[in-house]
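Both of the next two complexes hold chain A, though its partner changes from chain B to chain C.
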Partner chain A sequence: MKARVAVLVFPGTNSEEETRDLLVDCGADARIVHWSEAASLVYYDAFVLPGGFAYEDRIRAGAIAAHDAMLDAVIEGAQAGKYVMGICNGAQILLEAGLAPGTGEIRRPTAAFTHNAQGHFICERVLLRRTVPATRCAIAAALPENLLIPAWAAHAQGRLAAAPAHLDELDRDGYIVFRYADAAGATDAHLAPQGSAHGAAALTNREGNVLAIMPHPERDAWNFNHLDRREGSDPLAPSGGSVLFKSFVTALERL
Partner chain B sequence: MLCSSSNFRRGPSLRDLKVAELDDEALREQADALGLALRVDELRSIAQRLERAPSFVELYAFDAQWSEHCSYKSSRALLGRLPTAGPDVVLGPAEDAGILHLGEHEGERYGIVIAHESHNHPSQVVPFEGAATGIGGIVRDVLCMGAEVVAVADPLRFGSVDSGREHQRAVARGVVDGIAAYGNAIGVPNLAGDCYFDGDFDDNVLVNVVALGLVKESEVIHSRVPRHGENFVLLLVGKATDASGFGGASFSSVALDAQEAQSNKGAVQVPDPFLKNVIMRASYRVFSLLRERGIEAGFKDLGAGGIMGCSAELCSAGGFGAEVDLDSVNVALDRLLPEVIAVGETQERLLWALPEEIVDEVERIYNEEFSLPQVAQNARAVRIGRATAAQRYQLRHLGEIVMDVPIDFLTGSVRDTLPVEAPTPPPMRREQDLHCKRSLDDLFHQILAHRDVCSRAPLYRHYDAVVRGRTVIPRGEADAGVMAPIRGSRLAFALSVDGNPRIGRLDPQRAAEHAVYESIRNVVAVGAEPIGLTDCLNYGSPRDARQYGELVAGVDGLARAARDFGLAYVSGNVSLYNGAPNGHAIPASPIVACLGRLTDLSHCVTLPLKEIGSHLYLVGETQRALGGSVLASILALADEAVPEIDIERIVAEHRFVLAAASNGLLRSAHDISDGGLFVTLAEMSFGALADRRAPIGIDLDGYAGWSAAGRFESAFGESGGIVVEVADRDVERFEELAGALESVREIGTTIAEPLLAFEDEAWEIADLHRSWSRPLEELFP
Partner chain C sequence: MERVFAVELKIPDNEAFTAMRALQRLGVAVARVQRADILLFTGDEGEERLAASIERDERLFNPNKHRLEHVPSAHPREGEVWIEAIDAPRSLPMRRLVGWRLYDNAGKPLGNDDLDAACARLLCNPAIERAIR
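== the complex of A and B ==
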């Protein structure tokens, strides 16, 4: 049986359809779950929080959504070992909910994806490379070593910030699953387009069942929207950033 | 914002205007005191038709409805000259948006809804809010056709933004921030746009907006009460009505005055993209409910004229009158005056006309399932009236009738006949090549760094180009944006928006023709077949015979070019009274959007060079006409002719380029526009840099000796045309396909050295890129 994945929609979410579509194309039974249907979330095997501007980014990006009733089910699920992936605004929500990096209490964030160094929204192509061992984060475990994953950075608040000592801890203990890379695979911190600490693009938790990733792999994920589309390939077939979603679905199938 | 509003200075005891008792001078004085833009003769005709003194509510209603913005009174007769019918036209320009046929997928016919508007005056006065509500408004125009909103685009014209011009710079930044804040939040990708900087827009920027939607042609919802719609309920949806945007339609219909700019700020609406995001998704749910039940409804955006304008047009378009109860409107403030509730232009509102049987369920979707009242203070869906068989438009307030007029008199066409002065004849073509003492090298760098040529990335990187995941080619990677809107289908569309103000200043008719030609050329350059057009006519005052003459010439140019290319206009907008307080108008600015169709998106062509050893061909001719070019403006050349459009040749060229693209023979393509051929070639080389690859160089070994014009015209002229890259293995097939087409010539090859080599010159691509990529970074950091 296919894994049942809930794609959560808060007021202000805007990337639910492509996120659902890619999960389906990667083999999951993914459904969009609206905020008025929060009670149904307990029946799902995994959760994906897509991009957008939940609750208008009031206070801080993700701050209100982290207190939404939908997060009760997500927090409970994550603590029980269910897989949870947040993309862009979804990642911000997971940090505000204390699920990633998960080094503090629930709903008491220890780190944030906050305002870009340039002070405004940016939309540009980026490359990501996993910089932790495959076993560190189950969701990213099926990715080949050193693979460069294409994605789009499209956010106003994507710069990882925390107390300096805590940032060093996150770096040292393998919480930073993906970093911004160049075409040669280098991951110098300056490659982060918004000045993210340690060049961080994604964080996991201690257990490795939560992934909070700022750039959007699902926007460069089929041949038709993939930068390096090959001539003669099926334009509707998954490619590019879909490898991360495939890895997510593979992890679910192994449960 | 209540009785203290600058637009309202009367005590509530005097609620009608005794038109018959006043002489012209006194009437004008009273109308001015009320903030009415209606003319004295218009006021008299209202009183005569009503056979009584009109109430204030009625006056504000006519003021909005008969404004230039709503009635097109100066332009409607001209607009009849534009072609509006064609094989791909599903719906022409009669409703809130037009529809073009995209293609079939799994037995369903799909249409692309397209709307084109301006938000020029609001963006000048309050740039952030003005530009944001421009996006907000155009998105509603598309949504209300029953469509899913899939893309926006924004042609922009800013003033001169040199250092020290803080006001113009702040306006430009505010506009870009407003577009980004709204479009990004609602999750609609920004697919296309263009941008010019010119001192003639210092006091009056242009902010045009285009929005696209996807709809099954069998599921279009019209902007009218259906034929059987007597007693249909009028259900208002959205933000609580407040005092913002009162007088918006009239404000857009008069020239801007710097002194009044401050007091006009109240006429600009307040954007709420967060609420709009939820309203859009809730409306999609309502669309599926109506489909399931097989219910025909009417749906319309609240724009100019607010509740009154929308309900009157929705009902009269279906052949009905309307009764609306202003007391049932959800308001943000108590004690709003009835005219403010009736004609104020609070954002984020739409109006349904629905049969009684479905109203409760629709209300439940908006108010409970999508919890509008929790999303924004007192936002909701609420019944406000009904469509009536009686041909009257009636408004009630506090239990009394405050407006009761024949509906066709309110919404019917008012037309002004205006004196026209034909534009000065444009300069003639030169017989000799241009003599210029400056070096190609020096000019090349200056042109690359010119504000109308240099990279737009610092601007458009503020916009989300890829939300929804269906963008095939984002801005900057080809001449037109391309999107595949239907999951599981290879169908795609291409969009380009164009209009060159440098030509507008010289030759209003040809500026319109070039806007059409360029938008079509850009769509062709990505391998898409052009299927339809929209236009936004941005001009000065119709009360100035010369400025009005530019509008007349522009419409003629648009009509002629579209007929020549065999295309129709399905949507459009007219924005008049654009200019400086001293009466100096903006350059004639017809702005055209072209929609193209790709039956298989794998045939689309991007701009960056793809491989070494390819052959570069120029498809097009160079003319000894630098009028409107960047080179002419840098060299301050007067008396230059604007390039002619040799329609037969160009149509044949486009047919050829499309055939080559669909046969997979084009590795890359880029049109020749601002800055000319050398800029086109340089940008094709830069493409690889954006993809983080080593740039591919160009050797123009085939360039010498073929051009009919001189060096400067050939390098920097803007006569149009398209440069294409053909792989060595495809050259034979490509040339065979070109056949007898004379205007296809090989001009060079791609090389491994990162150079652009021409005769004795060899420019480093990286140096050229430095000149081109940076100029806008300081304006949009």
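== the complex of A and C ==
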């Protein structure tokens, strides 16, 4: 039986369809669940929070959604070991909810993806490399070592920020699952296009069942996304950033 | 010398309403929320010149939906907290904060304990913001 994955939609979410489609192409039974259907979340094996502007970023990006009834189910599921992935605004919500990095109390954030250092929105293709052992985060465990994952950094608030000592702790203890990389696979803080601390693109929690990733792999996930695709290749075939979603579904199949 | 102005919506403030509903869901006894952009200037510029320059800057002020108020003190009033980003990039020549004024059922400014709870539970992310009381 295919794993059931809920793709959560809040007022203001805008990336739910491609997120759902990619999960389906990678082998999951993925369905879109709206904020008015929170009670149904108990029937799902895993949750994905897509990008957008939940509740118009009121107060702070992700702040209101983190207190939505949908997050009650996500928090309960995550604490029970279910897999949770948040992308872009979904990642911001997971940090506001305290699920990532999860070093403090629930809904008492210790870090944030906040305003870019340059003070404005960016949209550029980036490469990500897992910089922790495969066993550290189950969602990313099936990725080959040193694989470069393409994604799109499309955000005004994608810079990881926290107290310096906490950032060092996240770095030292393997919470930073993915970092921005160059084409040779090198990672360095200056490669983060928005000044993210330690070059961080994604955080996990202590248990490794939550992944908050800022750039969008699902926007570089089918051949039709690639202008330089091989002539004659199937435009609808998954490629590029789809590997992370495939790894997510593989992790669910191993449960 | 510090001069402070508040830019507040004169049309319904959906963000303040959302904050009120979220705080009520979190158990904070709040009945009304007012939100304003707090603009804090340091220097010798006169109050009238500053007010005029704010009203001319469309990044800060739209006369069709905003009202501008001079705040006599450089400190939040009773029942009010100012939230400031710790290291946000600054593109304007002043500090820009968000002011939240919270009122109880009787229309009185919220007490310190409830205001603390509102900050800790929703209005301020201490990883990236400071709450000024």
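Here, the second predicted complex is superposed on the first by the 253 of 255 C-alpha atoms of A that agree within 3 Å, B and C clash if a C-alpha of one lies under 4 Å from a C-alpha of the other, contacts with A are read in each partner's own complex, and residues count from 1 in each chain.
In this section, a residue touches a chain if its C-beta (ideal position, glycine included) is under 8 Å from a C-beta of that chain, and two chains touch if they have at least 3 such contacts.
Treat the numbers as computed from the prediction; the structure is a model and nothing was measured.
In the superposition on chain A, A:221 contacts chain B only, with no contact to chain C.
After overlaying the two complexes on the shared chain, residue contacts for A:39 are found with neither chain B nor chain C.
In the superposed three-chain model, the partner touching more residues of chain A is B, compared with the other of chain B and chain C.
When both complexes are overlaid on chain A, the residue A:22 reaches chain B alone and has no touch with chain C. By the touch criterion defined above, A:237 lies against neither chain B nor chain C after alignment on the C-alpha atoms of chain A.
When the two complexes are overlaid on their common chain A, residue A:255 makes contact with neither chain B nor chain C.
Judged by the touch definition given at the top, the superposed model places A:12 against chain B, while chain C stays out of reach.
Of the two partner chains, chain C is the only one touched by A:107; chain B is not. Contacts of A:152 after superposition: chain B is touched, whereas chain C is not reached. Once the two complexes are overlaid on the shared chain, A:118 sits against chain B and chain C alike. According to the touch criterion, the shared surface of chain A, contacted by chain B in one complex and chain C in the other, consists of residues 55-56, 118-119. Those residues of chain B that touch chain A in the complex are listed here as 177, 180, 184-187, 273-274, 277-278, 281, 368-371, 374-375, 460-472, 484, 487-490, 492, 600-602, 664, 691-693, 781.
Only residues 55-56, 58-60, 63-64, 67, 96, 107-112, 114-119, 161-163, 166 of chain A touch chain C when the two sit together in their complex. The residues of chain C lying in touch with chain A in their complex are 14-15, 18-19, 22, 25-26, 85-91, 120-123, 125-129. For chain A in complex with chain B, the residues that touch the partner chain are 9, 11-12, 14-15, 17-19, 21-22, 34-36, 51-53, 55-56, 118-125, 127, 152, 154, 156, 182-183, 216, 218-222, 224-225, 227, 229, 231, 235-236.
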